[in-house]
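Two complexes, one shared chain (chain A), two partners (chain B, chain C).
After this line comes the complex of A and B, so read on.
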């Protein structure tokens, strides 16, 4: 029987839905731990807001950004951090662990699109809903209280697109590091360094503070500027040309292609931890 | 029955790190080549139940992993159910299942039932089929009450039973089992063996099993492929395997009163002794003479004659690979 062209998409969406529900149930298994996570993120956010407020009490702008713009930048940092945790970092850590322990065997022996499955094995919506938003409320309050800039629909659209592309490019970049586990047998150090590179200066330095060659590099080969700095710059209208957006689109497409090829290459070298 | 597994000159080599200086090993690792599977050939017919046996490191799990498409062979050909396993075609993977005694495919934090619901999506099993299947399997393994308990709260035996159910929910044609009873108590082992026999006999599931438990093999498998140092040293039925050792018998005699070991030594090799009980290794051709002499000269209370146990036969094969090669050559001529 010939498979419909929509069948692979349907299967992927079903897996995505099942994995999301499954992850949610897993998150709810440890309620006390969830409260601990929530308290931790609220504490961090409050500390950071006090720090930011103290800084702007002495200076007008940092990297060319006023207090309200810095708050928007922080909102983007927060959003990016949680989004990357919810679907990417969690799965990269899980993948590294599964390769190391040989648990990947039980995924590869099931009729699954394996790359899709390991990319979206855990979708931790609980973290996004329960941990991120309560911690973000004080930030949103301050942002609306000090709002002194306007946002255009085009800027918002460009910003949303770069956020989306930045997430994918960052994930692919980190994924390539995690794949080295197939050869090294351990991924923690590699995932750690890839995170540091992919989020280099992303919680403090606006796009405009970087020289042009670094911006080019940060949107292409090492995509640490796309997800947060470029997104904020588009939303604020500091960057209006679609050039960087096109660059980010091209770079993300190439990263996705490399990710698929690298996965197939790594599977050929899978040694499967012995039983 | 047609062949559903066809393996031809299958070879797998691994790169193994060489021991080197601490400073050097921080930054670089040197490797050497280890041949895990060395040009093996075999076929498996649909409905067969085959044991892959061998000492640790013999290459049996590597073979199993190549058959399931987890490992790419270094050279040689494999065809399973008409597919090349490493192509990982969906249609192929829907027809197989893999159970590993020491790896869990179920979520630690959720109940087995919740994991089964995820498998329902993966294997696209209709709801009604899943319910009927679960009812039947849970009853066979006697775990109906544990379906809704988180996996982390189950015993090892209960968890393995759940793993088995999860693996066969979609009625695979081919079931691969890697040491499915490892670490289990006697009761759980027996239950799982019974379950596997049911799958093989009632559902005609082809089973490929690796195990160090001879009882698993004797109760589940009809055929044994023995691998040692990456090469097949025996491939035939279990009866044939025992047949090679049929001339050797173990005679256990219990006496009414103590006897001297030296006197018994004249009738056969005494391989174990207790206060009133001795086990002698004798040959089949001399067993009637030995029994007659024992009855005549000793105060016998009880007698028991047994063939060589399967685990001893296999252990012997591991150490005497060359002997089997000779036996096979004799049989061919």
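After this line comes the complex of A and C, so read on.
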């Protein structure tokens, strides 16, 4: 029987659904750990807000951003961190571990699109729902309390697009680092470095504080500015030209292409640790 | 690991150079503060609480049993073994602190001696924090998140993330009475201040006071926890 053209898409959606449900069940199984995680993220957010308010008690602006704008920036940091953690970082850590231990054999022997499977092997919605939002509530409260800027629909649209593109570009960038595990055999250091680079200065440094050549670099070859700094800049209306958006789109497309090519290349050099 | 830390510090220095411009505070002074503060906290294992993780693993997996059978103090044995694994981190931390010294216009021998004394006190305070948080594993085997909570507090209120002087005067005075600033703020500010001022003296005295209280208390918590310890095997 001839396979429908929609069959590959159907298989990929099935993989997404099955992996998400399994990850959710896995998270719910360790309730004490989850409460601890929640306490940790709330404490982090509260201490960060103390830091921010102490900072803005001494200065009017940082990199041109007022307190309210810095709060929006922090919200974007939170959103980006959790999103990248939920769908990308967890899977990259798992991929590194699977390559090291030879468990990748099992995945490769399955009649599934392997790259898609390793990209979305684990999607921890629990972290997003239960850990992110309660921790973000104090931030949202402060943001609405000090809201003194307006947001245009176009700025919001551009911002949403750059956030989406930034997530994919960051994932691809980190994925390339993780692929080095095929040759090095160890992934922890690589994941750590790729995270530090991909989130360089993301805690509090706005786009406008960087020189133009660094902005160009941070949106193209090393996409550390797209996900948070550019997104916030578009939402706040500080960047209005779609130039950077087009640049981000082009660089993300190239990153996706490189990711596929690099995966196929790395697989050819895969010497399983288990066999 | 070295590259990782270097990138992280690059971000911190860039951020504080921006803040220094806005706050009309000397950029060199801020950079020096953060290099020394981060160096000292890394040296004494204050923020990451890595010794806590060692204790957590020993208790959770039951490997602590082997140390308990030996005629030695298990805490001191584990701590010294842990210190032995930290060669690269210690070297990196010293390098950071020394780089921080280079950003200072000048400092006296007295300042440096006081700095060494404050680092020694920071070692003891960090050891206490690690032992207290690590001992909680006796009550909750999954203590990783408790460790994270403690790390967040230490990072902000010890001066690793922000100098204590950036807080309001009231909060600053309260913080100086706690043992937290001793692991980062105190050593760093000693190197920046030519004269012994009230803040430094307060922090010094309160650190010694807290060591007197918390050191016996941390060993008491450890011993109480040991009574609850169960392990399979040896």
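Going forward, the second predicted complex is superposed on the first by the 274 of 275 C-alpha atoms of A that agree within 3 Å, B and C clash if a C-alpha of one lies under 4 Å from a C-alpha of the other, contacts with A are read in each partner's own complex, and residues count from 1 in each chain.
Assume contacts are C-beta pairs under 8 Å (C-beta built on N, C-alpha and C of every residue); 3 or more make two chains touch, one makes a residue touch a chain.
Computed from a prediction, not measured in an experiment: that's the story for all the values here.
K.L.:
Does chain B (first) or chain C (second) touch A:55, or do both, or does neither?
P.N.:
The answer is second: A:55 touches chain C but not chain B.
K.L.:
If you stack the two complexes on chain A, which partner ends up touching A:211: first (chain B), second (chain C), both, or neither?
P.N.:
The answer is neither, since A:211 touches no partner chain.
K.L.:
Now for A:153: first (chain B), second (chain C), both, or neither, which partner does it touch?
P.N.:
neither
K.L.:
In the overlay, answer first, second, both or neither for which of chain B and chain C A:272 touches.
P.N.:
Only chain B is touched by A:272; chain C is not.
K.L.:
State whether A:106 touches chain B only (first), chain C only (second), both chains, or neither.
P.N.:
Only chain B is touched by A:106; chain C is not.
K.L.:
Where on chain A do chain B and chain C both make contact?
P.N.:
30.
K.L.:
Name, in rising order, each residue of chain B that touches chain A in their complex.
P.N.:
Of all residues in chain B, those touching chain A are 14, 61, 65, 68-72, 86, 88, 90-91, 93-94, 96-98, 100-105, 107, 109-110, 114, 117-118, 121-123, 150, 176, 178-179.
K.L.:
Okay, in this complex, where on chain A does chain B touch?
P.N.:
For this pair, the touching residues of chain A are 14-15, 17-19, 22, 25-26, 29-30, 101-103, 105-106, 108-112, 114, 267-272, 274-275.
K.L.:
Once bound in the complex, which stretches of chain A touch chain C?
P.N.:
30, 32-33, 36-37, 39-40, 43-44, 47-48, 50-51, 54-55, 57-63, 189, 192-193, 196-197, 200-201, 203-205, 209
K.L.:
For a test of understanding, state which residues of chain C touch chain A in their complex under the given definition.
P.N.:
It is residues 1, 3-4, 7-8, 10-11, 14-15, 18-19, 22-23, 140, 142, 144-146, 148-149, 152-153, 155-157, 161-162, 166-168, 171 of chain C that touch chain A.
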